[in-house]
Structure formats: C-alpha cells, structure tokens
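Each of the two complexes below includes chain A, the first together with chain B, the second together with chain C.
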Partner chain A sequence: MPVATPAHLARIETELHRQSRLRTIYSALGIGVLIVFMVFGFNSADEANAGSFSDGITRLFDFPAEIIRLSFEAGWSWFGLLWHYFPFLLETIHMAMLATFIGFVGAVVISLLASSNLITNKLFVSTMRRLMDFMRAFPELVLAMVLLFLMGKSAVPALIAVAFHTIGALGKLFSEANENADMRPVEGLKATGAGWLQQIRFGIIPQVLPNYLSYGLLRLEINVRASTILGFVGAGGIGEQLTANIQWTYGADVTAIFVLLISTIIALDYISRWVRGRLIGTGSMVGA
Partner chain B sequence: MTPHNGRSEQLSQQYAAVIHPSWRSRLAPLTIVAIGFLYLVYLFFYFDFANIGDRWRTDRAQIFALDSYAYKVHVETKWRDISKLKVALEGSRWETYKTLPSWIDQQADGSSIIDMGDFGVINLTKDRIEMNWAEPAKPIIIERNTDGTLKVLEGRPLPSWMRISKSKIDIRPDLFARVQITGNKVLIHRFFYGWEYFWFDFDSPLAGYSFGQTIDFIFDEQRQDPARSNLDFVGHEIWTNSLWLHKDVYVALMQTIFMAVMGTVMAAVLGLPLAFMAAYNVTPFASVRFGLRRLFDALRGIDMLIWSLIFIRAFGMGPFSGLLAIGVTDTGTLGKLMSEAIENTDKKQIEGVQSTGADKMQQHRFGILPQILPLFISQTLYYLESNTRGAVIIGAMGAGGIGLQFLGALRTGTDWENVAYISIVVLITVMLMDMLSSRLRRALIK
Partner chain C sequence: MLGSVMLKVQQINKCFGAVHAVNNVSFAVAEPQMIGIIGRSGAGKSTLLRMLNRLTEATSGNVSYEGKNVLALRGSDRRSWQRNCAMIFQQFNLVPRLDVLTNVMLGRLNDQKLISSLLKIFSADERLAALTALDRLGISEIALQRVETLSGGQQQRVAIARALVQNPQIILADEPIASLDPLNAKVVMESLRDIHDRDGLTVICNLHTLDTARQFCDRVIGMRDGKIVFDGASSDLTRAEARNIYGADEDFEEAMTSTSIETVSNDLTPAPGIA
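Our next item is the complex of A and B:
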C-alpha cells in the first residue's frame, strides 16, 4: 500500500524520538539518583566515622610519610629487618599453600558431585550446590575466630577456615568447568564399559585440569592475602607481626613488612599469570 | 603379517612418543608429585598436626555449642538461709527474676522443690539436699555438717557424672542439668532450648509473651504507653532489646552493606573513566597511560586491608574509612581489567560509528562502551558480592559495622548465643547479596 507508507514511517519516527527522549530522561534520572545517593552516603558515613573527611584528608599522608621517615632513619639495619620478618612471611605462605591444597582437593570432589552432567539425581546436585554456597558465604574471619577460640592461638584454625572457604569458592568454579566439558569422551568411555570413576578420570579430568589449576593458582594468591588478614586476629604469620608494629608505629618494621608482603603478592601475580598462560596454552592445543 | 598388524605398527610408529614416552617426560610429572608430597610432609610437621588433638578444647566447644542453641537459668542459695533463692538468667545480676518460676515450688518452712524437667526433682531442705534423678532410680542425698563439710548420705555407688573434690561436689547427670554444692552454697543450672528473650528482653513489660499474646496485646484497646500505639510499642521493645541488641546488630549490618555498596559504586565511578584514559586506543599520551597503569598496580597491589589501616589512621574508625579502602582497591582492579577490555574491543564498530561523522567522544560512547558494558556490569556485580564479605572482614579490623559487632560478642567469651546470631545474620546477608548479584547479572546481560 504505497499511500499508507509515509504515515507509517512518520509514526515510527515519532515513536523512535519519543523512546530516545525517554531513555535520556531515564539515564539522567539514574545518574541523578546515583549522585544523590553518593553525596548523601558519603555524608552519613562521614558522620558515623570517628574522624571527619575534611580533617582526615590533610592527615591522609601523615602516616605513610611518618613510617617512611622512620624507615630512612633506620638506615642499613632496615635490610636486617627484611631478613628478620622473612620466616613470618614463610609461615603465611605455608598457610596459604596448605589451605589452597586442601581446598583444591575438596573442591574437585564436591564439584564433581555438583555437576548436573555427571550426576543424574537433580536433588543431590542442588543440595551440593547449596552446600558450596554456604561454604563460600562464610567469611573466613568469622570461622577463623571461632576456631581460634576453640583450638587456641595457632595457624591451624586459620588454615582450616581458609580451606573451608576455598572449597566453596573453587567448587563453584570447578563445577561450572565440569558442566562446560565436552561429554563425547565420557560417552565413548561409557561405551567401553568404564565405571563412573573411570569416566571422570579419563573423560572429564583431562579436559578440565588446566582450568582447575589456573583457578587454583588464582586462589593461592587470594589465600595469601586472606592468611595475612587472619594473622591479625592471632593466627600467626606476617599479619600478626604487622598489627603489633602498626599499633606502636614502628615505622621501619612496618615498611619492611609491607615490602615483603607487596613483593610476594606481585611475584605470585606474575608467576601465576605465567603458569596459567602455559597451562591454558597447552590446554587449548589439546582441545584443537 | 596381516594388514591389521601393519596398521598397528604404523600407529605405534606414528604415536611412538605417546605409547613409549621418553624417560624425561615420564619422570617430570613424577618429580613434581614427589616434591609436592615432600612439601606436604614438611608442612605436616611444620604446623604440628600430630599434636592437634592436645590443643583442641572440648570443654570450650561444648560450651559454645550448648550456649548457641540453649540458655540456662541459675538457682543459687546459701546454706545459711535456704529460703532465699536467687534465680537469674545465665546468672546475670541484671536479669534476676523477681518472682520464682513455676518449676520451683517453695514451701512455707523455707525448703523448696525444684523440678528439673525430664531429669528429675531436687528437694532442698535445711542442710540437706535430695536429688531424685531419672537415672539411677535411687535418690542421692547430701547433707551438710555443722562444720561446713559435706557428706554423701545415700546414693552409693556414685554415678560417673558425679565428681567429688575436697571443697565441692559437682553433679551433672545431663548436659541440661547441673548441681554444684560447696560448703556454703548450692548452685543449680537448668538449661532450656532456644533463644530466650529474643523478641522482648528481660526488663520489658512484654517479656515472655507468646506470639498469640503479642497479637492480643497489639489489638488491645488499653495502651501500655499512652504516648504510642501498642504496635509501635511492640516494635520499640523488640528494636531496643538489651540482650540481643537487634538495633546495634542491624544498624551495624546496614553500615557493612553500605560500605560494600558505596565502595563498589566508588570503584565503578572512578574506575571506568580511568580505564578509558589508560587504554592506548583512546588516549594517545603514552606517559598518561604508563602513569595510570602503575597507579592501578599500586592500588591493587597494596591490599584492601592495608588501605583500610591507612584510612583508619587518617579518618578514624568507621564505615567511611572502610568504604574508601574498598573503593580504592577495586578502582585499581577494575581500572586494569577494563582498560585491557577496552584495548581488546573490536575496531570495526568504532570505525562504523566514525564513518557517520561522529566525533571522538561519540565514538567512545557508541563504539566502545556497548562492547565493554556487559563485562563491566558483571565484574562490578561480582565485586559487590565479594566486597560484602570484605566489608565484614575489614569491619572487624576497625572499620566498624557487623564485623566489629561480631568481634565484640566473641571477645566477651560468654555471649555465644550472640556470636551464633550475628554469624547467621552475616551468612544470610552474604548469601542474599550473592543471589542478588547473580540475578541482576542475568537480568542485565542476556
């Protein structure tokens, strides 16, 4: 109908204009609400805080400046401090390593049980998923502090807490990897009469292992940070040393610990990125 | 030689490296596993796992477990005058009952019969206590001599749960019932299931009201407090509960959520523009890019915890320091991630927008932003969830909020029911945030 077309197009155009105007209004409203929320939020948080923002902003760099000044005063003995705190750093790294290992093994088991393509019982799978959600939701600190009370001050309660959280966090990622795995190898193995464990071992694990390891390495980095934090509540390691020194403003010690911590985190970041690159590289070659 | 054999020979030649791997490739995984195993053995001794049992405090675990789902009522009296019974919740001075509960029956002569529920009945008379426990059937009778020493008159052979020391007799037939007798006083604990006074505290006029009674009270014409309606009064009483501190807990919870949300919003608002400025296909100045890259590294390399310590030093304890710590750390992470994403965007879309005569700003808005928006939204929502957990942790380190409440409850060493309560609140909050962020993610990114 050639006559009706212009009117039709005009209607579409007005509708288009109307909608784009609406969108602009909505976006402006959204940004406005965000700004009001932020301003109001900052103000109310500022009031709830012990010191105010305007007072604090001038003092923001006082503490860093102070500890750096104290470190320079310490002179060459500062390097001795690095050596002194190194064993504590090692303790924290050991904690993170073992917690990641336990968490990794636990996560592999629980993720295989929580993958809907490997387990047919839907109820069981969803129960396992809820269990993982629960383990993931538990902040390490809450569990660690209760365990520290029950087991006395040592690294072990913190280790258990970190491992517990790791099982949940890695388990979720692993089960997603499992569910994305190609099922044809499993079917092939099933045809040869392989049992469930054999199907997993030869059909799934070779496909997902690079992913597992790369997630595990990422988690190791997170767990080093978590283990440091737990040192603050009495789990030992470098975190415990840091709290004590910060409280007394032993500047040189604080900077020595910071340097150790930050260089460990950066080193781990680089190592894990390098290994992950290699793992996923070989993984994709196997897939291709 | 059959053709079949020829084929297998061909295969074995073709895949010689797979069928007969070299020693090196066979040994490499074994070596890694062996080193890992040795490391684990070393850690086993390093953390002294062999003696872990010695450090485990069963008594503390029992108290913690029992206290988190049950409460106890202390009945205390001095031998000097057994008609004076002090009945108090958890033995607290502030929660002493003014009238005796129904399970204590005091006689005219001052003696009393204390019903211990399923576990038995205790008869307390002058210088004599008779306990009829469900098991064993025989009563246990203890008398106090004039010189203050105690004597077990009847009940031998003594059950294993009865401990006698020089100055004290401790009887615990069940986890839920305990009697301690010394030369000058008797202390009876009776445990009950549940969280007592969860809604209305001990001093509230509504203490001990059941749900039905509360409903009746709300619809009662007679006002408890002339200044406010009964519904308002009920709300006020629950909110100001002095035992469970609902007000403090939920205000602190709000602070924690607020810290997480505001910190994430701050990171998103700061991180996205900075990410654009650090991407080579947007910013032509290499020095700006280099500076921003190193800034991102510094912000994210210095841990959230260390940031929170620095901000607490500057701004004092409180949620503001917490939200800054979260915001600053995630600005670094988000900035780095998004700038990489911007550099990886498809050029064709930008060129398409450019061909319509759009200026630089419009090219970024319509050429790049739509490509990175899904990643940006999903990452930000992911941070929202992990920051909720982070806010609890840095809260306990001094930023305030529910983390600090939790630490406070734990440090008292007695309020285990509060510890359990706050843990549950935290757990539910984190799980809800998790659900909310994954729902939003699914709704926004189809």
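Our next item is the complex of A and C:
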C-alpha cells in the first residue's frame, strides 16, 4: 500500500506534470515546423535549379579537375603567381582589419547601451537592440552593392558595409557578454561613489574583454571572407582578381589565389587561438 | 561634533512590492560609535545599510548627516556622499581580474578626473595611500597579486583597504564575516574595530551572530521583520531581548547564532569575558 502524498505536495506534483507535458508539446511543434521548412526548402531549391541535379554534379567536378590540370601545366611559375597576388591579398586583409576595428569600437559602445543590467531605461535598451538587429540583418553584399553604385568602385564602400554589419553582429554578442557579467564588482564601485563610465571601465570591461577580443578575432576571420566576396562586385582586393580569373579560366591563378586565401584563414585561426590563450592564461594584459 | 547629532535616521521605510522590508526605522548616532545591527536573515539589515549608502532608494523617510539631507542628494553630490560612506559587502565585491593594488586605488575614483581615471592613471600619492592601507591590514605583500587568486579573508581585507583610501567618515559593513571562516572573521572584525578606535570613524556592521556583536560593538541595534526591536549598549542585551530579536522560543541558546572559535571552545570550558 503506497503512502498517501500530502495534498500540498500532490499539487506540486500535478503542476510539474502539467509543465513537462507543455514542454513536450512545444518541442514536438518545434520539430514539426523544422521538418516542414526543410521539405519546402529542398523543393524550392530543386525547382529553381536550371537543368537537372545529375548534370550539375558532373560539371561541379569538371571545373576543379580543369584548374588543377592548368596549375600543373604552369610548373614553377605557379609560385611566382603567389607572389604576384600577395599585394591584392594584403589589400583585402587591410580592408577587413580596418572594418573589424571600426565595427569593434562601435559594437563596444552600442553593446553597453543595449545591456539591460547597465542601463535602467528599458525602452532605450530595446531601441538599441532593435538598431543592432537592423544593422546585423543588412547583408554586407547588398549594402556594398548599393554603396558601390552610389560612391563608385573602390574599397571604401565595402569597408563601410562590412563595418556596419560588424557593429550589429559583434554588438549583439558583446551585449550578451555584458549581461552575463558578475554585477558585484560594479556594485562595489558604485558604493565608492564611482560614476557610470568608471563603473563600466573597471567593473565590466576587465571581465568581458577576453570575450570581446575572442569574438573580435573570429569576426576578423569572417570579415576577410566577406571582403573577398565584396571584391566580386567591384570592391577591389583579391576577390576582384579571383572572379576575373575564374571567368577566364586561368587555372593556375585561381589555385594560387585559393592557396593564399586558405592559408590566411588558417593563419588567422592560429593567431586568434594564441592571442586568446595568452589573454586568459596569464591575464596580466587583460587589465590594460 | 560632540553633543550634536551626527547621523540621524528618521522613520525610514522600504517596500518591495507588498513586502515591507524596512518599517519605520529611526535611530541617531551622536558621536563615532561601533554599532552592530543584528537579526535573522530577511530582517531588513542589508536594505537599511544599502539605503544609507544610497545603493537602494528609500520608499520614504529621512536621513541626515551633519545637517545634510542624504536621501535628497543627486548626481555628483550623491556620489561624493557614497565616497564619504564606504561600504563593505559579504561577497567582497572587488574586481576579480585586477590586481590588489589597483582594486584598492579604485576607492579613489570619485576624486579623480574622468579621463585620467578611465585611462587608469593613478598618482604616486594614490599608490602610497593604497599601499599604506594594505600595510595597515597586514597584506601589503600581496599587492601585485590578482584578487581572484586570494582567499576570502584576504579579499575582505582588500575591501577594507579600499574603503580606507576613500577617506570615509562612516564605514558600513554588510555581513562582512558571513562568508569567512572563524579565524578570518576575527581578523576582519578586529580590523574594523581598530579603524573605529584609531581613526574615530563610525562603523555600522550587519552581523547575524550575537556574540560577535557583543565582543566588538559598543551599541547593538536588533531588527526583526523590518522593525527595530532593540537599541542599546551591548551589555544591556539580555537573553530575553536576544530571544525576541531572533523570534526564538525558550530553548534559545546564544551559541546557536555563533560561528566563532571562542564560543565553540566555550561549550567545553566556560571562558570569562564572553557572555
């Protein structure tokens, strides 16, 4: 004979059941919606495809085979191409770095204004959040194409486009880091009579700086890729060289550019891991 | 300031929704004293101290310090009051990723120019003041360590050093020893007592252990459910009064509220000097 559960515990038990049932229903609904989207997505992609899938797949493999054949034909002069395209790579990296830096600074400012633990005015915080959503939602490519049309072909419109998007993307991540920060140091400083900026500078920044830098380095990697793509639409740099060479099927040049790009991404990954390790490991730099 | 009233708290109230956390509390401090506020958790002790420092806004009431209306201060006047009225917290509230010396110098933020303070430029005087304060608390040798590597007792002493460099007139300590082991608790309480004795500062200290209040404070304020139920010399605190403060019944033992080494040994052999 089971022991009778007291009434007040039984109530908790029923509530628990009700909640877990609700959670199950929500999860099932979520999975259902996901499946529907996937099926529709595949169908519309298939319909939009010119020609059949099987035709496309053979062409997909023909092109790499062709450019690799051409690269071997080029022989030793292929290494000269690496040197030839290196300045264009630098141009793209410069553009990405500058855009990331501008975006980083903007993101720090806007993220502090968009953190509900740092600003008491809820309306202001949500306005700032919507502003970041807007900046993030604008694809770099679309913004860059509009600006390139208005301002003429140069690196500046692309720079603005990438920086704009970066503010929104990093700002969102930074404000989450801010909101997860321990507020006790801030309270301690507030109690000494420190002003808002001083509380932020010493209570929040030392805690979140490693996160900021790690997100910033990741963003730099993304922005190098984005800046390359913007070269396709006329922003200069290595992207412009790549698109031209692909169109002319200069196989050796295309592989040289690919090797440069992939090495850059790998190098950035190593550098960012090393920098982050140093920041979190020894930490003495963090307080700067 | 002898004779006239220094700090005066009049009918201060704080409501959080339907909860009346602090209910018509009034007391006055005429001359520098070491005051212990005791009571159970949730009696309103923390809220009271936070209102005095202006970390929490009072719902109603009046606080005056040397004739100045504390609760009406705004902007930089409010911040300069906060500098005058240093606060020490149960969880220390230091910046874990900065070194000890910087943490202590941050007590001077209120006096500094905004730009140089944001660039973390401190003067030689400020460094000296911070080192002197650390030395006084016996921890100058850890000045360059990061705070997050320290023990709780060390962190609380760093917090006291930060309070000292603020050059305050009052020190408010919100459960300063509640997260510490008995030995560190004793060191911290002795430091606070020393600040009161030597510098003549008023120290108001929230405690939940009766024997600590008796041992270190001249005056005890007992709070229960947001109200003051006892206010007098610590020697006047009878067992019946203590029972009333803690809302306990007949078998209430003072040692039940204790965490100190002395009381533990007290159970075995009654030592003189401690009730």
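Just so we're on the same page, the second predicted complex is superposed on the first by the 232 of 288 C-alpha atoms of A that agree within 3 Å, B and C clash if a C-alpha of one lies under 4 Å from a C-alpha of the other, contacts with A are read in each partner's own complex, and residues count from 1 in each chain.
The criterion applied here is as follows: a residue touches a chain if its C-beta (ideal position, glycine included) is under 8 Å from a C-beta of that chain, and two chains touch if they have at least 3 such contacts.
Note that the coordinates shown come from a computational prediction; the quantities given were computed from them, not determined experimentally.
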item	value
Combined model on chain A where chain B meets chain C, clash or fit	clash
First (chain B), second (chain C), both or neither touched by A:64	first
Which of chain B and chain C A:184 touches, first, second, both or neither	second
Chain touching more of chain A, residue-wise (chain B, chain C)	B
First, second, both or neither for A:156, with chain B first and chain C second	first
Partner chain(s) touched by A:207 [first = chain B, second = chain C, both, neither]	second
Which of chain B and chain C A:194 touches, first, second, both or neither	second
Partner chain in contact with A:134 - chain B first, chain C second, else both or neither	first
First (chain B), second (chain C), both or neither touched by A:13	neither
Offending stretch of chain C which, after superposing on A, collides with chain B (from 129-137, 165-173, 201-209 or 237-245)	129-137
Residues of chain C defined as touching chain A within the complex	53, 55, 79-84, 86-87, 89, 91-99, 102, 106-107, 109-110, 114, 117-118, 120, 146, 159, 162-163, 166
Interface residues, chain A side, partner chain C - complex	182, 184-185, 187-195, 197-198, 201-203, 206-207, 283, 286-288
Residue ranges of chain B in contact with chain A within the complex	39-40, 43, 46-49, 52, 55-57, 60-61, 64, 255, 258-259, 262, 265-266, 269, 297, 301-306, 309-311, 313-321, 323, 389, 392-393, 396-397, 400, 403, 406-407, 410, 413, 419, 423, 426-427, 430-431, 434
Contact set on chain A toward chain B in their complex	34, 37-38, 41-42, 45-46, 48-53, 55-57, 59-60, 62-64, 94, 97-98, 101, 133-134, 136-142, 145-146, 149-152, 154-156, 159, 225, 228-229, 232-233, 246, 258, 261-262, 265-266, 269
